[in-house]
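Each of the next two complexes has subunit A plus one other chain: subunit B in the first, subunit C in the second.
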Partner chain A sequence: MELEENKANPIHWIMYLGILVAVISPLIPQFVWPFAKSWFFPDVLPSVWGVRAWEYIGNPNNQVLEAVFNSLIIAVIVTVISILLGVPAGRALGMYRFRGKGLIELLILAPSIIPSLAVTMGIHVIFIRLGLADTMFGVILVHLIPTIPYMTISMSGVFANYDPDFEEQAKSLGASTFKTFFLITLPAVFPGIVTGAMFAFLISWEQYLLTVLIGGGRVLTLPLLLFSFASSRDNTLTSALSIIFLLPAILILFFTSKFLSGKSSGMGGFGNI
Partner chain B sequence: MTKRTTVTLLLLPTLLVLFLLFFGGLVMGLMQSLGFMPMIGLNDFNVDAYRSLFGDQEFLSSLGLTMWISVSSTLLTVVFSIITALAFRRTFPGKRLMNFLYQFPITIPHIVITIGTMLLFTQSGLISRVAFQLGIISDQSKFPVLVFDNLGLGIIYVYLWKQIPFVGVIVLSILQSLGNDFEELARSLGASKWQAFRHVLLPTIIPGILPASIICFSFTFGSYEVPFLLGKPYPTVISVLAMRLYQDVDLNARPQAMATAVFMAVFISILVVFYKKLLNKVSGRA
Partner chain C sequence: MTSITLKNIAKVYEGCKVASVEDFNLEIGPGELVAFLGPSGCGKTTTLKMIAGLHSVTDGDVLFNGVRVNDVKPEKREVVMVYQNYLLFPYMNVAENVGFGLRMRKVPKPEIDRRVDEILKLVKLDGFGSRSPAQLSGGQKQRVALARALVIRPKILLLDEPLANLDAHLRDEMRDLILSIHKKFEVTTVFVTHDQEEAVLLADRIALIFDGKLVQYSPSKDFYERPASERIARFFGNGNIIGGIKKGTSVSTALGECTVMPGLEVADGPVSLLIRPESIRLERSGVNSFLMKIQKKIYMGTYTRYTIQSGDEEWNTTGESNDAPGYEAGDKAWFTLPPEKIWLIKR
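Entry: the complex of A and B
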């Protein structure tokens, strides 16, 4: 017996339409508000258009550019550290079987289960004593709490599908450890590293709570600014900042959509939870 | 190098950093929740903070609201991710574009969609305006309260928006690797469409999305930004309550803030163990 034809019927079309509306609709007002000068109920479009938000953002006295710069610096450094630590750790978890592995996996998974709020509140006292509170370095350190486990877990998924025989062959043909790493290992796992790194970047980029707890408002990042505008209900400025905040996510989406559509290597390592 | 040395060297930096930051933070939080804070002259261990926490009506209603939001958004995420992923198995024109749109929310930051939800669903939001123009409502106060409401509907919407694609992509890849053979076999042996889904597809999908659903649940349980921006000040979720206590100018509220945070960590760990057991049982029976 054949399954019924594999074509979408009207019920499916309603579902696709539903997905389309549900995904796009919350973003629509956000792309109109930045160009609104006055837009009151019940107007569906602004009555007066303007570019006040963009003038505000472009003005160097208003800290927006500083916040963007801080966010970028922090996220880049956090990503680099996460790669340097997470790739080796992911290799160990993905390629080797050893005693106590289950326990170590549990330890690395714990930060994705236990709220980072709880951990960061606890560590704040130590950071104050060490002079790390209210500094960018302190903020970078706490951002590592969610990013390193993410990087490790996604790399363990990548290394689990990696065939180490090529390394053995290169070595038996006389390649040094150094050469083997750069010519064999790195090219094989590079796409995995790039995907993992992009998401690690995003995790740091969108971090609000950890930054505000450890940075104490002194380390100004884009989410902090966005949050305070959103709380003050300035829709025009909030939406404009939100679009800037969105840019890296959109760029990353274009890069990674092909990686995500197939087997999601990023989630592979979560299998042991 | 022996295997043991290699593994140790590869893992050491990560474990060291996590141990210091993560477990250090947990232990420090636990000590402070027990009233041990030498910096402000508190040197005795006691359980006063926990006692006052469990006697506090606001804490209990926060816990209730947090559980409602996390449980309902996780359940709805699982249901909708399966339904939408199944719909994506069909072929239709524009499938590539739809596929891209479906995955689109995965990388979008929570704050962005939180702001979008605010601009769309408040009583002066875009939907309310359209409803007024169409004559469905006569005044903006007639528009139903969908954000800053008692049930946290706006908050749940944001979580669903973010999480359905996250879990849906995993369901899609499970369906892809499973292929049609098993389902066709079940149907040829006389199973109905529903029976084939219930007894062939579902038992494969559920264990596959178990880890992702745990991540979703834990995230919604501990998340701060979304409920802060879209929730009522009272009752609020447990993370917002913990932050409010933490930022209190009165340092005596500190142990209580820490007790709330430690409670969250312990509670979610117990829930995850329980949830995993329960779901394993359910999928085993299926």
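Entry: the complex of A and C
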């Protein structure tokens, strides 16, 4: 019986294939469109090929590179701040018991529960008064609303499984507080930090609503550009941009599955690809 | 060698009203091997961590060789603690784990390698240096943890429940290893345990702790023969206790008049009379002999245990296999309480 279960079952293979087709097939036109000059029904492939989209993207006058650069800067800063605030907060929530902990957990979750449109309208009014609306700094601040809770909660899970006695042991063997952190604490929670950070990056990278409301169209990011091209029905350009848009997600998917699966802290990526 | 003095130390955890450790005084001589014994939650690990500097003292002083070390950081105290669950760093191999303390002391690499090899040989793990902790058995992990602590030549070695997680045959091995290490390194050693047998097996002296207070500190033999209270007597498996009124060398009890030795430092009046099961003799003699009914007989292998009823208390007595005349439950038999084996506690 056991041996038979280990054998490749044809039904399993059909199911895997089905899932693969369902996930990948909608993406196929996405990778063909950017190279199409004219492509009409019922042709399977474009009748005329071309690289117009890539020329447009590469031209510095067309704001695409600027948008990619803005998205990247915002996402990196947001990720770094989320790590700096989320890791200590996650440690406190995961390892210590203190008065009002339940309330704090609820408050951290609140931005994810309340519709972000409602929250952001309120924030917008305040940001206008503070002069933060329509600025990149304001956009960074508002992106932190979903990313810090994400980082904090995922780190609190990592720290809940972490034994602080390891730190005491290192100290008793003569390690300073500084060395204890870098040699003992950090390696133990590092896979958790990396995973949390990558998702914080993605949340910021893909953010449309918060950017458009607080940035007011002045802070141009990739999702904003993508939406405007999509509504103008330029399939060639939209598809080319969405490939760039997809790139970090695909890189992160491969990175987590290659380097983090099966390692400590229970943050296991997406299995082995 | 280092002596440890604990002077009126107390620990109150933040948010706790009750002190975990209170008014604790103890003197541990240089090179001594001392056990902190007590039920779980009595404050023994807290006290150990205060010696290590991992917990601050709320009140009182910790002194090493007469020098106050309250404000010395744990990493500067030269005191190493070995935890019950070993805490080997999982992303370092055995040699890196053992060499950790030396690296922290900036010892040159070739010397680290040499000393790590040497100590691994001592704990009979030579050749294990490149293994990962996950590949080791419980006993091997414990030996690595011990090697990691000893390699830095600490002034004081602290062990938290060193035999608790080991199988019976590994316990004997580990006990011998700890004793031989203690002898070889002449390091002042304190260990924590909740098991009186473990304490007796290892320690020169036992500090018995109940509810954060030191109740008795003496060589292990005294706990069996001269316990300071009924609770201590029961903790050490000495359940034969009967109340009585002492008058001179005689105590009147529910059994009858018992003669006791003259030199006992207990005033006349109400007392508890204690005798260990193995001290009771199954024979008739001139003094303290009583004819009683056997309630239960349990064959224990190397000895037989008889239970007899006296008043409300059940008494246990053991007859050695060769002199047990083979009584059965329900038989009546003579029991003798030798006066020199009787210990009295004031009620």
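Note that the second predicted complex is superposed on the first by the 242 of 273 C-alpha atoms of A that agree within 3 Å, B and C clash if a C-alpha of one lies under 4 Å from a C-alpha of the other, contacts with A are read in each partner's own complex, and residues count from 1 in each chain.
Rule of thumb we're sticking to: a residue touches a chain if its C-beta (ideal position, glycine included) is under 8 Å from a C-beta of that chain, and two chains touch if they have at least 3 such contacts.
Quick caveat: nothing in here was measured; it's all calculated off a predicted structure.
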{"item": "Fit or clash - subunit C, subunit B, common subunit A", "value": "fit"}
{"item": "Partner chain in contact with A:Leu107 - subunit B first, subunit C second, else both or neither", "value": "first"}
{"item": "Partner with the higher number of touched subunit A residues, subunit C or subunit B", "value": "B"}
{"item": "Touching partner for A:Ile126 - first (subunit B), second (subunit C), both, neither", "value": "first"}
{"item": "Vertex subunit A, arms to subunit B and subunit C (CA centres, degrees, nearest 10)", "value": "100"}
{"item": "Touched partner set for A:Phe178, first subunit B, second subunit C, both or neither", "value": "neither"}
{"item": "Subunit B versus subunit C as contact partner of A:Tyr208, first or second or both or neither", "value": "first"}
{"item": "Which superposed partner A:Gln169 touches (first subunit B, second subunit C, both, neither)", "value": "second"}
{"item": "Shortest CA-CA distance between subunit B and subunit C [superposed frame, angstrom]", "value": "6"}
{"item": "Where subunit A meets both subunit C and subunit B, residue numbers", "value": "264"}
{"item": "Parts of subunit B lying in touch with subunit A, wherever the complex brings them together", "value": "3-4, 6-7, 9-11, 13-15, 17-19, 21-22, 24-30, 32, 37, 39, 83-84, 87, 89-92, 98-120, 124-126, 128-130, 132-133, 140, 161, 169-170, 172-173, 176-177, 180, 183-184, 187-188, 210-212, 214-215, 218, 221-225, 229, 239, 242-243, 246, 257-258, 261-262, 264-265, 268-269, 272, 276"}
{"item": "Subunit B contact footprint on subunit A (complex, rising order)", "value": "1-3, 6-9, 12-13, 15-16, 19-20, 22-30, 33, 41-44, 84-86, 88-89, 91-93, 96, 98, 104, 107-108, 110-123, 125-126, 128-129, 141-142, 144-145, 148-149, 152, 199, 202, 205-206, 208-209, 213, 223, 226-227, 230-231, 235, 238-239, 242, 245-246, 249-250, 252-253, 256-257, 260-264, 267, 270-273"}
{"item": "Subunit C - residues contacting subunit A, complex", "value": "49, 52, 54, 73-76, 79-81, 83, 85, 87, 89-91, 100-101, 104-105, 148-149, 152"}
{"item": "Residues on subunit A engaged by subunit C in the complex (per definition of touch)", "value": "163, 165-166, 168-176, 179, 184, 187-188, 264"}
